[in-house]
Amino acid sequence: MKKGSSREKDFIKTVVDELCQKTSYNAVYHRSSQEEPMPSIETLIEIVERLRSILFPGYFSDAEMMPKTMSFYIGASLDKVEILLSEQIKRGFCFSCTDEEKQDCMDCEKRSHDLAKKFISALPKIRHQLASDVNGAFEGDPAAKNPGETIFCYPSIKAITNYRIAHELHLLGVPIIPRIITEMAHSQTGIDIHPGAQISEGFFIDHGTGTVIGETSVIGLNVRLYQGVTLGAKSFPKDKTGALVKGIPRHPIVEDNVIIYSGTTILGRVRIGKNSIIGGNVWLTRDVPPNTRVMQGGEFRPITESEY
Amino acid sequence: MKKGSSREKDFIKTVVDELCQKTSYNAVYHRSSQEEPMPSIETLIEIVERLRSILFPGYFSDAEMMPKTMSFYIGASLDKVEILLSEQIKRGFCFSCTDEEKQDCMDCEKRSHDLAKKFISALPKIRHQLASDVNGAFEGDPAAKNPGETIFCYPSIKAITNYRIAHELHLLGVPIIPRIITEMAHSQTGIDIHPGAQISEGFFIDHGTGTVIGETSVIGLNVRLYQGVTLGAKSFPKDKTGALVKGIPRHPIVEDNVIIYSGTTILGRVRIGKNSIIGGNVWLTRDVPPNTRVMQGGEFRPITESEY
Amino acid sequence: MKKGSSREKDFIKTVVDELCQKTSYNAVYHRSSQEEPMPSIETLIEIVERLRSILFPGYFSDAEMMPKTMSFYIGASLDKVEILLSEQIKRGFCFSCTDEEKQDCMDCEKRSHDLAKKFISALPKIRHQLASDVNGAFEGDPAAKNPGETIFCYPSIKAITNYRIAHELHLLGVPIIPRIITEMAHSQTGIDIHPGAQISEGFFIDHGTGTVIGETSVIGLNVRLYQGVTLGAKSFPKDKTGALVKGIPRHPIVEDNVIIYSGTTILGRVRIGKNSIIGGNVWLTRDVPPNTRVMQGGEFRPITESEY
Amino acid sequence: MKKGSSREKDFIKTVVDELCQKTSYNAVYHRSSQEEPMPSIETLIEIVERLRSILFPGYFSDAEMMPKTMSFYIGASLDKVEILLSEQIKRGFCFSCTDEEKQDCMDCEKRSHDLAKKFISALPKIRHQLASDVNGAFEGDPAAKNPGETIFCYPSIKAITNYRIAHELHLLGVPIIPRIITEMAHSQTGIDIHPGAQISEGFFIDHGTGTVIGETSVIGLNVRLYQGVTLGAKSFPKDKTGALVKGIPRHPIVEDNVIIYSGTTILGRVRIGKNSIIGGNVWLTRDVPPNTRVMQGGEFRPITESEY
Amino acid sequence: MKKGSSREKDFIKTVVDELCQKTSYNAVYHRSSQEEPMPSIETLIEIVERLRSILFPGYFSDAEMMPKTMSFYIGASLDKVEILLSEQIKRGFCFSCTDEEKQDCMDCEKRSHDLAKKFISALPKIRHQLASDVNGAFEGDPAAKNPGETIFCYPSIKAITNYRIAHELHLLGVPIIPRIITEMAHSQTGIDIHPGAQISEGFFIDHGTGTVIGETSVIGLNVRLYQGVTLGAKSFPKDKTGALVKGIPRHPIVEDNVIIYSGTTILGRVRIGKNSIIGGNVWLTRDVPPNTRVMQGGEFRPITESEY
Amino acid sequence: MKKGSSREKDFIKTVVDELCQKTSYNAVYHRSSQEEPMPSIETLIEIVERLRSILFPGYFSDAEMMPKTMSFYIGASLDKVEILLSEQIKRGFCFSCTDEEKQDCMDCEKRSHDLAKKFISALPKIRHQLASDVNGAFEGDPAAKNPGETIFCYPSIKAITNYRIAHELHLLGVPIIPRIITEMAHSQTGIDIHPGAQISEGFFIDHGTGTVIGETSVIGLNVRLYQGVTLGAKSFPKDKTGALVKGIPRHPIVEDNVIIYSGTTILGRVRIGKNSIIGGNVWLTRDVPPNTRVMQGGEFRPITESEY
């Protein structure tokens, strides 16, 4: 490892000097409010893994728990989640805190803790939803041998678990943390669900790679999607200054029992009526009535009795 | 980290109590037969990494092996694989064991070990197949500089290696483990090959993200796919009770030398005749004769001599 | 863990013998020139993580750096990168070294170090490009709350960072290492950008899963892509021996300000004129004039003032 | 790393052949009964760390536990200890199992589990003893600022904790595991207490390095030792075959409230009467009456009132 | 892993209940002030390792630093030490905080940070002292081949480095942290130096196992000790309540150039005059004049010219 | 973690500047010859662990090896040891290389590799010696239940294994590495054996903490030592410049079958005749005839028949 002559070290100094000029780093440098550290990806992974083990007891870590000892394991793990999550929520607030907001610093720690507790209180509800999603996966995939296999192996359940956790935090107004949690699942599964989307029970995404569900999407009961499905926005209104107007409803509403096959793209605030089936590779930017089958070429036709 | 007042701890107890009620956990709780632990993802990763190093000597771990010392490294690693895999196969059986099957418990351990040995005996064959897949990758991708690069970097080779390992275990009747192994590759590469698919030699998937190959697909020699290709099922017959009939042939048969471009979806038990070329973004639900080019719009035409 | 009788061990020896025959391993065995070890994926991950922290100070590791201490952190980390990268570049050369090239062995170490230094000198330029990409992401995604969120969470920024690092090494003639670096990002994000592609500033890929950008693609300023977009090759000319001719321009040229929606495939050395908008799920194999909107069905129409 | 010519590899084979001859390995090769793996040092470390956290709540891992959540943490951790320790006890039996004992194989697993449970039932008693040892340390060391410091930092408490755990397992008849646990503490603290020694409450060893307490020692209440003290055996009777007679009482009895200063050696089944004080660097092989001070030169004198 | 019947789980509950009764845990349970976590051994190890690398550049981690790049490495590492140490000092205060002290909480964080900075300012002095200790080791040990070997391998240098760091923190009034740091070295080297001891430059302890240097010891320049030397206290005065009086001078004063051979014990506030040589296994409880040799039997004689 | 004002950062710069002045770092800074990295403690630990597993098959890592598969495990592990050790030997040479020696650089790499091979060739001899040491431990300790227990748990066997490895490297002229290897054992066991000592077969050290065996000691067959024994040097002759004369014989010769009890110190080039027994806490600086018992007070008497 010969690193050589003194000239070379001057070379390092030159590059360092360039990189440390404010003009170079200004647009890509970050300091959270109150010198708070950045949210910790590692800790958030731990939190999500703990939650997964709590939600699906016996499958993941602490898999040795049995009904008689379950409360020990879940109690200890929840207590840790409360501590770790409070801290990460606070870091999330400090990450995105603007100068005007700083007056709230005083109770930001308390507020973070309160939100962590509210989140934890929602876990029984989240488990109930996930149990319905597991059922959706087992019933919707002929290759699934038993519901346990979908919990243990299916990317769909992993992605939806992260989403349901992230969505609850999103509803509580926690910044950035929810997005990090859904991106973890996106990276592992190729399924990209925005934490702001509203998804009812019994949801299943088969295979899943490349499926995208946008921020303001609304999805009904027992909906089934396949890989490569996009529920996206059609256009992005800009304000007078030319900046994007953020946060307005711009993604589809998918009603109960809809099936959307692979590669299909649905854009804009359209409504896909209940019980409809949208074929694969379809491009859709308008409403679909209930009980309608949308064919490859794009034509609509009513679904007959025998198709169920 | 102020965790606060006693009231808060009662709060934790309340949530724990809810989560530990049988009505809450019943549908999402698992206990393997005989209190056997769950299959270990970590150990399965180790097994697959050992197999990869054995199949492609010199590329991955133990890369220092040379022809004269190769037998030491491969012998020691195979011996470990035999022990580790026997255990994981047994856990797989216990994971999906039903009450009726429990009479077999006695020889389940021996049976798991025998299957591990049968699997190991198949490794020379698997390596032979993978060598042909490497050749397919090098010949099929103008960006590949040499075959070694495809072994070391290409997601296709990683996904197909996992598939060929998993398929062998699937043929031996091992439950759940094969699926875990293909899902590992799915997560890393975006390529989702069901362990039940039958794929001949010389197989290559360029880029690969989003490609899905269903459980009963049959693929001939020297087939080449691109990213976002689906070989899927068209419909899922249900039995009289309305439950999905599982396991019947429902995915395409792709004959020798076929090329399928990106984003194409082929559904159902159709047959794509040999030497045919299917364009990208095509939606196909019927048979294609041999030597046929299927165009974007969906029309078929014979392939001329000069197209090869 | 009963491994059993002596017969079994003969079984292991039999398999080892098969796997250690030259006819079995020959096509899948590797030895780098000069017995140099293989490139280390682990070290390359460390290098990329260090570079990410240097390029975006305050976001990733060493996040505690502040303007007054930034030069310490960046200096120490760059010095390590210089040492680590020199070594990996040398391994890259030895990996792909052919017998004819071996006369260069003598100065291969020095050459590797010189290239590492040239790469490091390019970091201020790379940061400048990435700052423009961050701006592109923030302006292009209504869901982005602030630019920092795109740096910290967005797969697009992760994939483009890896690409810009890899592309610089590609320009310097470093073999295999650039491909490993883009494959890391491909695995984590589903975005597959070949290190040879030429991409100007202000580039953004929303969601990104399944997007593929081929080796000879050329992309102008402020281009925005979505998930599932392919910039691919149409055909692969072969030489008289039937082998693929490698390295000729065969992927699209995308001019400034173009937007390409999800699922679209553009193949061949076609030119997409500036300011054009290509709809989703489109299949394109011909040139598009500037300021043109390409619709789902494939028809072209000029873009009107109000569409911006 | 040039490893060179073929001759060298034959060299490796030659050494391997020598090392694999039975005459070479026979005296130093081990196979546990039933192919059971060796006791796992790593797991035993985990068990001891868990027990330390349970015995001293709030100091070590799971330090976040508070009275209201303590039962969660202790319950979950004890359940894991039960599982892990049962397995290690079984491995201990198989490690030292002789051919005659093998008929017990059938219930060895159950027996191991029962012993683990008995051990766990003794934890409240062990904690009570350790609380008295902590008190002994705080009262005996003028440098100790508070009792918590002795729990968190003092080698004496670490060594005695391991001893009390190991002694309980020793009383239950568990082979080898107790010795491994005291050797862990010996390695970290230089204090070597045999698991068979009988030590009453309120025990303290200041500094401790080099202190040795032999297998059949008996130590009363509130005894204090310093570094380099040996409680050893004077002679080892041999049987007619010349083999050592193992297990007979051969180490000192030290009665209540005795203090033994650094570097002192006491050998044989002698009795040190209560309240006596033995000076440093003393060599003692005979009984000491109660209330006696043994001086450097070896003379005895009664302890006066004022010396307490 | 058969854990068995329900009765067993009641057994766990019973033990948990016992262990969670206040009478059981009260004497061994800890809660730091302000719910602050316990000092982190892991972080303190990191701090000491960083300091060792800073004090002896080129030997330990960041060993690639060279004079031209040294300031980068040392600057970055010192900045981290400042942050990490501030936090650990604060935890130290909270660990030992009593109810009366709690009024200082407000500025405890600031005070911790100020102390960390004062400590860092002392590093050049500490390095100067350690350089003299290295010289003492090299000159005092005929087996030392070069000074670098003593820095890299000798337990003496490791123990004295930890001591000099801990002593500086002790002088600054930091609670518990100094003791943890010297205990780390005690565990690894068998050398137990209390952080309160005052030790001048040029200090060397050969072999070192079992050497103990008490809290109020004072050691002059260029002193050399061997293994098993005790500088201890003779008696511990008690106050009227019978409690030990803590903190009064009770250990020896060892003047410049003294050598003390192995196994010797010196107790009480005695003074060993400069240039004296104390033989091995000696028991000493009274003053020794300068230039005196103390023999094995304990007799004193003047040192002659030729003995130097 | 508020790190605060700009003034503070100037403070860091000031300390960095002090520490980076040549006058500050000069005596404690190291650069190996040829910019070679420092010997890696981590790699040396791996080497020693591999050797331990090879020497005592079935006890430590790769414990699953059985006679039929032993050659695989030992072959693979030895091949790795050859590669790793060659590199560490080279680093050892570069660590202590002086300017005059640098002409040998050319073949230093080859020489290192040759020495590694010579070392490996000695392993059968080393195992033979260790088997005799194991026997010595089992026969010498009434607390040992079986020979396997001494291999798996006894600090004596650990320390002697490291010594025998280090001594072989010492004989081959390898610098610094042998010392690092014996210091590893010193740190874990408190037993400090210099790699230069010559120790015959059947050696045992009971308990061992604080035992020191100097560089030029010579120890015969079947010798047994206890804790706290020193075989040291009496005086260190200096040359005319006042520097220590290094390397001359200055430690005891201990003949066959000698037993030395705890705490005894023997200094200088004295000879302890065969079959002699030296009591504990003895101070000895003169020869002892064969068959002699040295008592506590120091008197000698012949050993009677009945004492064996």
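Note that the chains are named A, B, C, D, E and F in the order they appear, and that numbering of residues resets to 1 at the start of each chain.
Everything below uses one rule, namely that a contact is a pair of C-beta atoms (placed from the backbone, for glycine too) under 8 Å apart; a residue touches a chain by one contact, two chains touch by 3 or more.
The model shown is predicted, which means the values in this text are computed figures rather than measured ones.
S.K.: Which chains make contact with chain C and with chain D at once?
M.R.: A, B, E, F
S.K.: Fit chain B to chain C on CA atoms, both being copies of the same sequence, and give the resulting rotation angle in degrees, nearest 5.
M.R.: Angle of the fitting rotation, chain B to chain C: 120 degrees.
S.K.: For E-F, find its twin among C-E, A-D or B-C: the pair where over half of the contact pairs carry the same residue numbers.
M.R.: B-C
S.K.: Computing the C-alpha centre of each chain, which chain sits at the greatest distance from chain C?
M.R.: D
S.K.: On a C-alpha centroid basis, what's the spacing between chain B and chain D, in Å?
M.R.: 50
S.K.: Measuring centre to centre with CA averages, how many angstrom lie between chain B and chain E?
M.R.: 57
S.K.: Hunt down the residues of chain B that sit against at least two other chains at once, touch-wise.
M.R.: Chain B, residues with two or more chain partners: 1-3, 12-13, 16, 37, 64, 66, 69, 71-72, 74-75, 79, 83, 190, 209-210, 228, 263, 281.
S.K.: If you look only at chain C, which of its residues touch chain B in the complex?
M.R.: On the chain C side, the touching residues are 1-4, 8, 11-13, 15-20, 22, 24-25, 27-31, 37-39, 95-96, 175-176, 179-180, 183, 186-187, 190, 192, 194, 196, 209-210, 212, 214-215, 228, 230, 232-233, 236, 243-247, 250, 263, 265, 267, 281, 283.
S.K.: Quick one: in the complex, what on chain F touches chain C?
M.R.: 1, 3, 6, 9-10, 12-13, 16, 64, 66, 68-69, 72
S.K.: Inside the complex, what are the residues of chain A that reach chain B?
M.R.: 54-60, 63-64, 66-67, 70-71, 74-75, 78-79, 82-83, 86-87, 109, 113, 117, 120-121, 123-124, 127-128, 130-131, 134-135, 139, 141-149, 151-155, 188-190, 207, 209-210, 226-228, 261-263, 279-281, 296
S.K.: Can you check the complex and tell me which residues of chain B touch chain F?
M.R.: 62, 64-65, 69, 71-77, 79-80, 83
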